[in-house]
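Both of the next two complexes hold chain A, though its partner changes from chain B to chain C.
Then we have the complex of A and B:
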């Protein structure tokens, strides 16, 4: 498919010009985009190894890793924060999908009264500035003994991430042809069997996408972690914010880099998910 | 996973009718997820809305009067920033999705596909930190502009104001919307596009007159999600522009941290809720019209 396009575009461009002049605007736009995307990230990397850097110096005055030592010192708590962040995000994905798969299936396939209202209900946690809500949640959790615990933070993140889980799961189940499941039913499969063997595997790429969004939402989440988790459950966003607010851009940048590593790891998974998505279209 | 190879049941429509499950089953499946939202969000939300009207033991509009006295400019500032960001995000997402679908040079398409998605995986709090250093007076952006001879060091200004917030929102949210839009565009029938191309329609015209109307639903969902996300982000305004005028979320944090003033904080929350509900309502009206 790729080779085919290559041949046609080459045959269009080469006889006329010898060199494809369209690469000038293409290169300019793509180069600008690359600068806009990677410039800020390069700046972050510079800050992680800058010992001293102030205006008007274009680049850091001294380079070194002394701040890395400070972050990973036993008092820096970065390793504990990293472990807490990953644990919370993983548990949030498990709980969210356990709730979203049945809900998404029902919203996509079954007759539901007030379907639009139910869909909008999952948007509520994203539609209201969480700050004031989390203060009340923290008070409730304090009475239940959940404040300052990992399950408490997970519950807050699940509430926040459910909109991605449910909306994307609903879309994923809607995209699967209903007649395939009916075909399975008509040759004798039970409702659960037809769901597990036919609909769920076909919706899996979409569900994986929703899991990724929930994971990243949890990793990103700052406000809820601050009110429900801190100071007992130390997490990376809290570490980053405190360092940045104190003007320590080196420690803030190193923490930011630690948050980027799992995110970029997930980009590779999304890459795979998209490839399988493209492959499934080839069969049509 | 060939769909063609599957047996198509004759009378599929009929069997769907007889198999129609009761609404009770659907509700049962939705209930656990709804219960989480209800107990962990709607109940505390109701408490905070009630708190917005609580004035010294009784109920009244005192908090709202104080809110509009102090924060009218911040409310307008927030709405303008989020609306502008949403518009830019929508335009960029259409451009990216359009090029990925209609681009004729496979190498440029592959490059763009590899490039545009990076910021989506960067958490908001990291975006705040990354752009705070990038857009600052001695940030890499100004240094490159100076190095390229486009501006002198004297002209270098910090972008850490409303522009910084818009840049942060657009930087982070565009890939998410573009990913969904590009996915929807990829599933539009290629035959229609090629027919239009063969009849001499330009790619811009195909994008605006065939592709965009067909993916409008997906685009709207993605933009609504983005809008409400941006209305709720605390870290970006706190880290990029915490001085006045700033965004509602930063005001709420300030009200609670500095004064313990839950009344005004809750009232600001209600204002933000109304704005988000308005956008969600626009989307609902659009989707109802589509179905009719």
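Then we have the complex of A and C:
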């Protein structure tokens, strides 16, 4: 994207010549960029509809949707994995926001001591190598009987997603001027009433963005799902991994597409809702 | 102070950490009275207002409304409505919902809310704007919505925190009179915080001048303007010219010794609390009668100072001169301009010369503190000085 913008703005500065030869390197760079970005995606799309495709052939030999049928068969792994993934992602969002809304509000409004330390603390699960953390989490969850259960996976995803949830929620609440809340208090609204009527609606776009981040993080999360969930709780990334490792590129591609669609859709939503006044306060 | 005060602040101290913002402050406000808290930034006037409203917890003292102690009550239970400097309109609600919010909280019916909102909109000239969001309003309209939102709930006390400071000069003059007229018409008790002395005098029945967390003086606008109780108040009320004099008090009069530039003078004390010694004299530029040095000596009681014109600038309606007197510069107004370099006499009538005792021990640092205070006071000092400098 940046490269594109730079190139077009540069062309506006340059006086128009008879034949602008600059389009050649520009076209090459853009073409290369497009190939790097869209090449693998096109390959992925082709694989989802390929019935037969092997080495010497540049394109699939037969096209069809039989693998889609197999993936979405009522007893198929994918349906279960999709349902599990969506359930876990949804629950992760609910739990994360339930924690992040009060935490973010407190961090934004109250003069807490060690505020920066608290904010950094949420980063800790991300700061260490995932494998070591989740192997130990799995060991702990075995003792608690949480291994191989949906709540167990949700808990792992929450620790992972909380940093986004809390940081963005803090920024969203910081972006709401405290005087707006005081204005409601001064004409008769109790603390909770003012929060629900003024602060929460105004912070909602930021909170929605944080919910989407958490949802996508949960949907994509592999390591924790693998150590805590597998083999009892099957998730989409695990399915993708087994299918890919087993050479079943059709199933892997279809799974990947299933993971990709919500990501792109939500990114567009986030881009619309996460305004600069909130973004500028993230991590502060 | 009357005993039947409606809003009574007693012994109120507020501090943030180690800094004391308000220092054992007492203030009584009668029902229906319009009081202005006037002071330079950082004097604690907004903190006092927020303490009244319940947004700042005092470390000592009480706030009582109608004999009821509200010190520990949350802001929403005090029956006060605060209009914020930033207006603090809710951007996600329309004008009508902003104004009607307080009524909704009271559990009024939809029809009753609509009726009251329409009433407020008519009162403040906001007809036809009810469906707009605050972002689609002009500054003056936003200000009126903020006022309307506060008035809609029929508060016992209306608190205004620099409500006019975000408006441009012309609208400010208009709204100033509108708020004053509205307050008198509704008979509501109101407290306004401002740093603009004209605004305070034009709107309020009583002006309370604050200095470093304490009340420096309070009284009617005329009283604080023409009889400032301290050098600080005099400077804040526009008496920027300052002179050091020697005076002897005897028999109801103060005899001022002649200085290098100033004449001797004998002024009746006229209620001034002075003792003999070093005095500080303050006067306004517009109080000065300015004449050419060779003009006949004045017969009126007053102080005469000799100086030399440095520069003149037209203020509209008159000329303001900077006049060199010894090693300092004074400002004086005259109907016609004097040439720069011309020798002049400044005559200050006795009733317009404010005299204060200088503390005998540490006079020097105090004088600089007073100068610093003068620097802080708005409007008058900065403008003319700069304009004169440009003219010269």
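Quick notes on this one:
Quick note on the criterion: the second predicted complex is superposed on the first by the 210 of 284 C-alpha atoms of A that agree within 3 Å, B and C clash if a C-alpha of one lies under 4 Å from a C-alpha of the other, contacts with A are read in each partner's own complex, and residues count from 1 in each chain.
Here is the rule we use: contacts are C-beta pairs under 8 Å (C-beta built on N, C-alpha and C of every residue); 3 or more make two chains touch, one makes a residue touch a chain.
Just so it is clear, the structure is predicted and the values come from calculations on it, not from any experiment.
By the touch criterion stated above, A:182 is placed in contact with chain B and with chain C alike.
In the superposition on chain A, A:131 contacts chain B only, with no contact to chain C.
In the superposition on chain A, A:62 makes contact with neither chain B nor chain C. Legend: residue contacts after superposition of the two complexes on their common chain; A:232 is shown touching neither chain B nor chain C. In the superposed three-chain model, the partner touching more residues of chain A is B, compared with the other of chain B and chain C. By the touch criterion stated above, A:167 is placed in contact with chain B alone, chain C being left untouched. In the superposition on chain A, contact is made by A:190 with chain C only, not with chain B. Common to the chain B and chain C interfaces on chain A are residues 177, 179-180, 182-183, 185-186, 202. Interface of chain A with chain B (complex): residues 2, 5-6, 9, 12, 20, 22-23, 26, 30, 33-44, 46-47, 53-59, 99-100, 102-103, 105-107, 110-113, 116, 118, 120-137, 140, 155-156, 158-159, 162-163, 166-167, 177-180, 182-183, 185-186, 202, 216, 219-220, 222-223, 237, 240-241, 244, 249, 252-253, 256, 259-260, 263-264, 266-267, 270, 277-281, 283-284. On the side of chain B, the complex with chain A involves touching residues 1-4, 6-9, 12, 15-16, 19-23, 25-27, 29-30, 32-34, 36-37, 40-45, 47-48, 51, 104-106, 108, 111-112, 115-119, 121-126, 128-134, 137-141, 143-144, 146-147, 153, 171, 183, 186-187, 221, 224-225, 228-229, 231-232, 234-235, 238-239, 248-249, 252-253, 256, 262, 265-266, 268-269, 272-273, 276-277, 280, 284, 287.
Those residues of chain A whose C-beta lies close enough to touch chain C in the complex are 177, 179-180, 182-191, 193-194, 197-198, 201-202. Listed in rising order, the residues of chain C touching chain A in the complex are 53-55, 74-76, 80-82, 84, 86, 88-92, 101-102, 105-106, 146, 149-150, 152-153, 155, 159.
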